[in-house]
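Next up: the structures, one after another.
Below are two complexes that have subunit A in common, paired first with subunit B and then with subunit C.
This part shows the complex of A and B:
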């Protein structure tokens, strides 16, 4: 177990800056998920932590020790790859014990650790098979076993679940979560799937264009996205983002959608700094806050008549696309709500959890 | 869609026809060589190898037993026996016509009685049994010549192989050359693979300055004709004291084989998944351990395919052996050289030539058939992903 600190890490491939002054402190026992769209540099960051790629500048510290020039094998880390990277020529047993053997661990110790890991992951019956004879989920387990058996101070996971089918992915996600609870090891986990990130992480770092957009607990990221990118990236379906402007009248502060006459009262919104009247903003509201008027509780509410353009049924609720001015608005309505596409209906906005962003800086106001 | 399907099926036919043509082109001389090597020179001279499996009609010149075996029965002198010796008594050979003069070899049918020029008569049966009788004593040292036209069953012999391989008296035999060729070929296959595998790993997976330049240089070396290097290399060998000999020919084959070996193996290794190697690094393996325990086992198809190439090429090589190996004593002659010699000295003895040739192609054939799956896999690997 160890803490990991990254200081002002920059990585350039030629003229392209892939990582731009990344700073991160990961506490001992934390489960940090690096999430971002493909090409955001998250895998590069992981490879640099592992020592498989070299940084252009900046520092990496494991337990306070700078490891920039330390060979991967001496960093006391274990990595699980997206492709699992099992050694195809070796049996499961040899795959798992390879790392111990090359480190000259004594034989009885190896057997002991192998037994412990195969019990933990329930792969005892697979030990004499070759990777080609395993299913995707089994390979995944073996890949994790190979990382676990070395008892490293930090685990690095590089999109470990993205090659599994949907059902297995959910199962393995739970297993990884359990494993982290049991072992309490520091984990850095890379994924492009924000659901996975929300499910697993104790903290999430959202990466975009080589920068950390926001770092925080999953719920915090969901409720208080720092900028437009995070607002759009976290959550599925994504947050509704309506461009418009602020205006104060009748002693209240309202949001006026760009091309509409509606005035949505935003007095209650905890602005970080006093907004200017008429400031161009983006108004963000989660789909679950766009629903039937009777579902909305509390004072901060707003009602409007909209036309449902498309309805997707999920079983437990419905995703409905409304046209709202020039924008599209996704709402989550109860499964029982009777509605017909093309018909106008009353829709209620729950304004307690909205986010407002400056349209120019794209930052949260 | 119909168009595409149509094109495909006509192409498939073209492929099938070419395959059949190639197979025939390849099989015809090889099978011919194999069959000829089991035939006697007489058989080769009288009929083609494709008739070897059927009975053949031959004109033979045979002799009866010598006059000193004659016996006296009922006042006349008689010589009895079978023209074919032991073989004739099994009844496999069937004589249709015979004659006692070289001008009229088909004068009598089997079973007829012919008058002899020196007196007396001879009766020859279809199976070769004959009875010569005369009122006076037969004279002379040798038996009577009998010309027969006989239908002989197919007959194969191992004599050629015995002669070419096992006869220690035969200075033109292949046995010694066979082992000399092996002595050249095996090290000349193993050494370049060993060197090239290490080089290929370094060029594929180790970062060092000038790597791309080195790879470019190796690709460049691929197209250098080896004739260019023969004389300078021989001079070097002579100057550093290797001279002509096995060491020299091993080194030469190694040098000429290395660019292709490195190129093939590097292309294969570069195609191995990066994740596996990175994982091994994180697992704590050194480059040497990664190479020995992961890369080498995974590269087996490529290693095997290059081994086949190098083996066949060194096995069939004449030029390099002539320049770097074979000296005036002829002690180190290889099979290709031996066959060239045979063509000169035994050009008419097809059975010897066919046998020698088949001895020399037997090992490549065996290697090819045993390893062909690696050949295809190794060749495709790296190019198709």
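This part shows the complex of A and C:
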């Protein structure tokens, strides 16, 4: 187990800056998920931590020791790859013990560690098979076994679940979570799937255009996104973002959607600094806060009549797309709510969990 | 017999080495073209070129053969007639074929090496393997099928080798090979019986290797 610190890490490919002054401190035993859209630099960052790619500038410290010039094998890390990267010519047993053998671990010790890992991952019956004879989920387990057996201080996962089918993905996700609980090792996990990130992480770092957009606990990112990118990226369906402006009248502060007449009261919103009257803003509201009026509790509420344009049934709830002025608004309604596409209906906004962003800087107000 | 072991082994080994090294350097493609170039030369042409390399002139004259020139430069007392030294002259002839076939082996093996998933190599590096272990335990086993195909293909070429021996020594000084022997008996000695028999033997030797080669090549394609 170890802590990991990244200081002002920059990576350039030619003129293109892939990572721009990344700073990150990962505590001992933490499960940090790096999440972002394709091409945001998250895999590059992981490869640099592993030592497979070199940084343009910046520092990487494992347990306070700078490892920039340390060979990957001496960094005491293990990595699980998206494609599993099992050695096709070796049996599962040899795949798992390869790392121990090349490090000259004594034979009995290898057997002992192999037994422990195959027990933990329930792959005892697969040991004499070749990777080609395994299913995707089994390969995934073997790949994790190969990482676990070395008992490294830091685990790196590079989109390990993205090649699995949906059901298996959920299963393995739970398994990884359990494993982390049991072993308590430091994990850095890369994914483009925000659901996976929310489920697994103790902290999430959202990466976009080579910069960390926000770093924090999953719930904090969900409730208090720092900027428009994070607001749109975290959560599924995504947060509804309505452009408009702020206006104060009758001693209250209101949000007025771009082209509408509605005034949504936002007095209760904890502004970081007092906004200017008429300031152009983006109003963010989570789909679960757009629902039937009777589902909305508390004082901070708003009601409006909207037309349901499309209805998606999920079993436990319904995702409904409403037209609201020029924008589209996704709401989550109870499964039992009787509604018909094309019909107008009363919709309630729960305003207790809204986010308001400056339209120019795209930052949270 | 010696040909069957030495030529495929050296060609494949050099080809693999060249493939591995040229993949890692910036001017690798130029190097590859140079190594591949002999493939474009006919066997007779290559034999003539190498005969000049092994050429011998009387001691009072300037040596035009590179081998003798080097030999004298490094303190040899008299120029040698290399191609007449029994046993070793076989290797001098084989060098010609190795020179030609290395390019072929390199091109095929280099393509195979590039087909290895990069992540298995990265995984091995993180696992702690040194470059030799990565090459012999991770890369080589993954392209074993291709190595076998290259090896058997070159073996077949070796069984058929005729032009090089014909042009350089004509089988004299204990450098005889099957194909040249067949030619000698069939067209020079007019001994059709022995000539046809040696032709049959060549065919019998080539057939199983050819079958195996095709089998492996198909397996590779799958």
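Convention: the second predicted complex is superposed on the first by the 365 of 365 C-alpha atoms of A that agree within 3 Å, B and C clash if a C-alpha of one lies under 4 Å from a C-alpha of the other, contacts with A are read in each partner's own complex, and residues count from 1 in each chain.
Everything that follows uses one rule, which is that a residue touches a chain if its C-beta (ideal position, glycine included) is under 8 Å from a C-beta of that chain, and two chains touch if they have at least 3 such contacts.
Just so it is clear, the structure is predicted and the values come from calculations on it, not from any experiment.
Subunit B and subunit C, once both complexes are superposed via subunit A, clash.
Within the superposed three-chain model, A:102 lies in touch with subunit B and with subunit C [touch as defined at top].
Once the two complexes are laid over each other on the shared chain, residue contacts for A:65 go to neither subunit B nor subunit C.
In the superposition on chain A, A:78 makes contact with both subunit B and subunit C.
In the superposition on chain A, contact is made by A:150 with both subunit B and subunit C.
Comparing which residues of subunit A touch subunit B with which touch subunit C, the overlap comprises 47, 50-52, 72-73, 77-79, 81-83, 85-89, 98-99, 102-103, 146, 150. Subunit A makes touch with subunit C in their complex at residues 47, 50-52, 72-73, 77-79, 81-83, 85-90, 98-99, 102-103, 146, 150. For subunit A in complex with subunit B, the touching residues are 47, 50-52, 71-73, 77-79, 81-89, 98-99, 102-103, 146, 150.
Residues 117, 119-120, 122-130, 133, 137-138, 141-142, 144 of subunit C are the ones touching subunit A in the complex. Partner subunit A is touched in their complex by these residues of subunit B: 273, 275-276, 278-286, 289, 293-294, 297-298.
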